[in-house]
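First chain written, first letter: the chains are A, B, C and D, and each begins at residue 1.
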Amino acid sequence: MAYAEDYSPNELLVATAARELRDGELGFVGVGTAGRAFTLAVGIPIAAARLAQMTHAPNFTIYWGNLLSPDLQRIPPKLTQHHITTWPAAAQLSNTGDKCDMLARRQFDVCFDSAPQIDRFGNLNITAIGEYRRPKARLIGCLAQTDHLAFVSRPIVLTDLRKRTFVERVDFITSVGYLDGKDSRIKAGLAPGGPWKVITDKAVFGFHAETKEMQLESLHPGVTLEDVLESMSFRPALPQHIGQTEPPTQEQVRLIRQEIDPNRILLVA
Amino acid sequence: MQRKLMQLSDAARLVPSGSCITIGGSIIRRTPVAFVRELIRQGVTDLHVLGFPAGITTDMLAGVGALRRVEAVYEGLFQFGMAHNFRRGVEAGEIEVRDFPETAMIARFRAASQGISFMPTKVLLGTGMAKHNPEQIREITCPFTGEKYHAVQAATSDFTVLHGYVGDEFGNVQWPVQRDSDDIDFIQAKAAQRLIVTVERIVPHAEIARQPTLTYVPHQWVEAIVEVPYGAHPGSCDGYYDEDEEHMQYYQECAKDPARFKEYAATYIYGVTDHWDYLQKAVTVKRLSQLSVR
Amino acid sequence: MAYAEDYSPNELLVATAARELRDGELGFVGVGTAGRAFTLAVGIPIAAARLAQMTHAPNFTIYWGNLLSPDLQRIPPKLTQHHITTWPAAAQLSNTGDKCDMLARRQFDVCFDSAPQIDRFGNLNITAIGEYRRPKARLIGCLAQTDHLAFVSRPIVLTDLRKRTFVERVDFITSVGYLDGKDSRIKAGLAPGGPWKVITDKAVFGFHAETKEMQLESLHPGVTLEDVLESMSFRPALPQHIGQTEPPTQEQVRLIRQEIDPNRILLVA
Amino acid sequence: MQRKLMQLSDAARLVPSGSCITIGGSIIRRTPVAFVRELIRQGVTDLHVLGFPAGITTDMLAGVGALRRVEAVYEGLFQFGMAHNFRRGVEAGEIEVRDFPETAMIARFRAASQGISFMPTKVLLGTGMAKHNPEQIREITCPFTGEKYHAVQAATSDFTVLHGYVGDEFGNVQWPVQRDSDDIDFIQAKAAQRLIVTVERIVPHAEIARQPTLTYVPHQWVEAIVEVPYGAHPGSCDGYYDEDEEHMQYYQECAKDPARFKEYAATYIYGVTDHWDYLQKAVTVKRLSQLSVR
């Protein structure tokens, strides 16, 4: 298991995300959007899922589009409609409502989410920047992100670390993380949950067991604590010891490049 | 069974300005774009749209100033990015929005489809959507467990418009076995007050009756059925044709700038006499053949 | 439209029921059971529906099994499973829940129901005779009869007129007719509705507009008022003028015998 | 995907006495009769059964004294008449019943399938079912309209057992396009805590993956899948075989009299070593071929 020396930032994220996926689990991956948002919300998660399948979690499966357990050995060459319609999968339930039911019944173990705003307590905003009724920037709405954060056991947030993204308090709570910290999520009526990890381009975060504040876990190779703190609008909790994010192994990099995404469909931006 | 077959223009004439209308499909897939272009041509305005994920139809209505309010889980154009016309309208305070996550919006359509006025859900607990919308989201308690829930209001609209695959003259609409089921057309159809369906093709009733389990919209629910081949263009119809990426990119280029979108609408919506004329302007035979997946 | 002179009691019931069906409407017909119960709940309603289609209501359709608008020109020779599975129809929705939704949304205009107990106010009992928790006779439960009486505009009850069937008060209210009469049904929270007609082997009943008591409407040819009153445990409301049930026409009898039920599958008992 | 394929006896061993168990199918169609015979052979008793329309499986359990309580919309044997064993048990005060009409029972299974503890319905207003069951049926008010409703309790059970058409070793179960959909197997599967499915035939996963829209039970929901050809005998499996009228009539003849039903059970349930042995005793090759509709 020799670590790779030559790997891209995205490859590091794929390997880091893959490590959070466990054998036999079901993960939720979104669809759509373009550019960097696509890579964060779709490309890296699918690559991580397939990497997990090929290494430590052969029975890890995903929900994608409305497909349950699509065959990740046969990732379509392009994500236009017909390739989704005809992608071999174990099941495609009768409508999107069935997926929501699986979410509410807590049948998903992990999910991948991205957002233009996330705050100290892991609340996400993909709805509106500024005033909700007359926003500075109207965003995309909610999709099922609210549902993920309400019902999935271990949501994984994938977002680049930027001052305008990591804010003290989101302008609008699309998705409840740990709300106001401590037991406020539970008091609001939600089951235990909330973001499990926040994987960024500079560092990995978790959440403090008691206060539920976002807490730095590891710095990516070559990134300093100062880099990280300067890229955030709030100061995260800092543990006694800050580790380094484990780099991908040579084998992981080989699998990503040669088998999972040889045509760079997933890791595009 | 009664004959429900109509022309597109007659079906669109059923919908007056100011209506609340549920639009089916998903973003740029199997959504009744031709019907919405016809509505716009007829000057219908001041619409209140309920969608699941809203997409190109909502953005078009926003772009021509015919949209008053939207309730949906998403507004955007999938891999083609943001819904620029819609976004501008909301930021200018001209379009009102009520946001719902998928579980909540489905609960609302399910309530309407089941003839009940509300449905319980936990998905909105603690959210901004609940905080900003006490008219449609109210706290209730489970009488068995004492748990906290929200009641969400049934998603009832004056009209529901869907685009489907094939149907007969009576309004029975069927899906193929190989399809993309990532939408709630069936629930929206069941929830409809007055249902209009456009389909790729009208087929004889005998073909429908051979496989009744494939009928997802039975004739009893339908007020008008209209044959509109390529009725979802420039979006896709799964099993029939893919999204027209070139046209979508051009649409987005125009939508970024109000003046350019005016030109787009002048050419492709107001500047055509009917759907056939639209197709003639918007695609070539070669392009259609490239998009086809049949 | 000459009336027939030679017709069976069941043929009279078919013609009487058919007269209540209107063009373009949707009717609910049950399935299953055997013997006389089958003829009352299934056989007569299907024959009436087809007769209505062939005469005054060509666009009348039914829901039967889970089939919407099965082709009544092709009534199966036997009602075993495969004949139901393969019966041509306009639709077979995904599960029985969809039918219940159509009921609750009041999409059915008429329905046909039968019961071992019906009372003065048209409440029906198909659940238990005697004490509910320790019944003298346990019956079949509820099926969707409760739903019919709650949600269908004009339920039609088809039951033979017997003292033990037509009782002052049902032992158990499976299905709410007019509850305790007057506006008690509405006060209980139900929408307007309740049984439209009660068609028996001796007479046809409706319900009094104000009191909602069962009211005699017409006597079948050859039946006296005394016959009727002796066959009931309560005295129904009697109108000023009691008419005679209209007999089937010669054409109706011909259609029933030759076209609708030539093999006596429907009118068996 | 994990392998979930099991032997019938091992799958039945998962269910302890005293369990609450949802039994799928409809009366005498596609209901897991072979599984229930195996449960009885293993001496499982004191069962609480949730059904939609209950039928032959519930009557068998009643006949051998293994049934404590039933919640369902119907108990009977369709064209073969009353469920005699069940009826006797209720009249003797040995079996407890809670009755629900279809809309209410479906609301209960839908609640369980949607992860919520109750569902609103109007169908029970004024009925004896509501009057006699305040534990599971409680009055609530719509917070939007002020209308009166009942909340019905989610139909949650320890186990859910269905009989299906075909499935793969991972537990993906598919229906054919031509089928009889008059049941709620799909909702019951989605509502399940621990789901056991018997199927007519196990097929390779590649066959399943070719038409994913036909999968109504995805592998994620399944704990055990078992290949049991003719698993619904003497009932039918739509698209596979018809109900065995001769056997059903014989069953009913026996069920009318406790002593004779004891004989029936001794012969066809206790007196066989396994499902193959049952088939050997209960049908001939000729009979199976007559029942087949493939």
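Heads up, the rule we're going with is that a residue touches a chain if its C-beta (ideal position, glycine included) is under 8 Å from a C-beta of that chain, and two chains touch if they have at least 3 such contacts.
Note that the coordinates shown come from a computational prediction; the quantities given were computed from them, not determined experimentally.
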Keeping to the contact definition above, tell me which chains border both subunit A and subunit B.
D
Please work out the Cα centroid separation of subunit A and subunit D, and write it as a whole number of Å.
40
Roughly how far is subunit A from subunit C, centre to centre by C-alpha average, rounded to an integer in Å?
58
Using the touch rule from the top of the page, what residues of subunit D touch 2 or more other chains?
116, 121-122, 147, 149, 178-179, 181, 186, 213
Give the residues of subunit C that touch two or more other chains, as numbers and ranges in rising order.
92-94, 100, 104, 151
How are the chains arranged in terms of who touches whom: line, ring, star, complete or other?
other
Following the definition at the start, I'd like every touching pair of chains, please.
A-B, A-D, B-C, B-D, C-D
Residues of subunit D defined as touching subunit C within the complex
27, 29, 52-53, 72-76, 78-82, 86-87, 90-91, 93, 96-97, 99-104, 106, 110, 121-129, 131-132, 147-149, 178-187, 236, 238-239, 242-243, 245, 293
Residue ranges of subunit A touching subunit D (in the complex, touch as defined)
24, 26, 59, 61, 67-69, 71, 88-94, 98, 100-102, 104-107, 151
List the residues on subunit A that touch subunit B in their complex, please.
31-34, 38, 65-66, 79-82, 84-86, 92-97, 99-100, 103-104, 125, 127, 132-138, 140-147, 150-151, 172-176, 179, 185, 188-190
If you look only at subunit B, which of its residues touch subunit D in the complex?
116-122, 136, 138-140, 142-145, 147, 149, 151, 153, 177-179, 181, 211, 213-214
Seen from subunit D, its contact residues with subunit A in the complex are 1-2, 113-116, 170, 172, 186, 190, 205-206, 208-210, 212-213, 215-216, 218-221
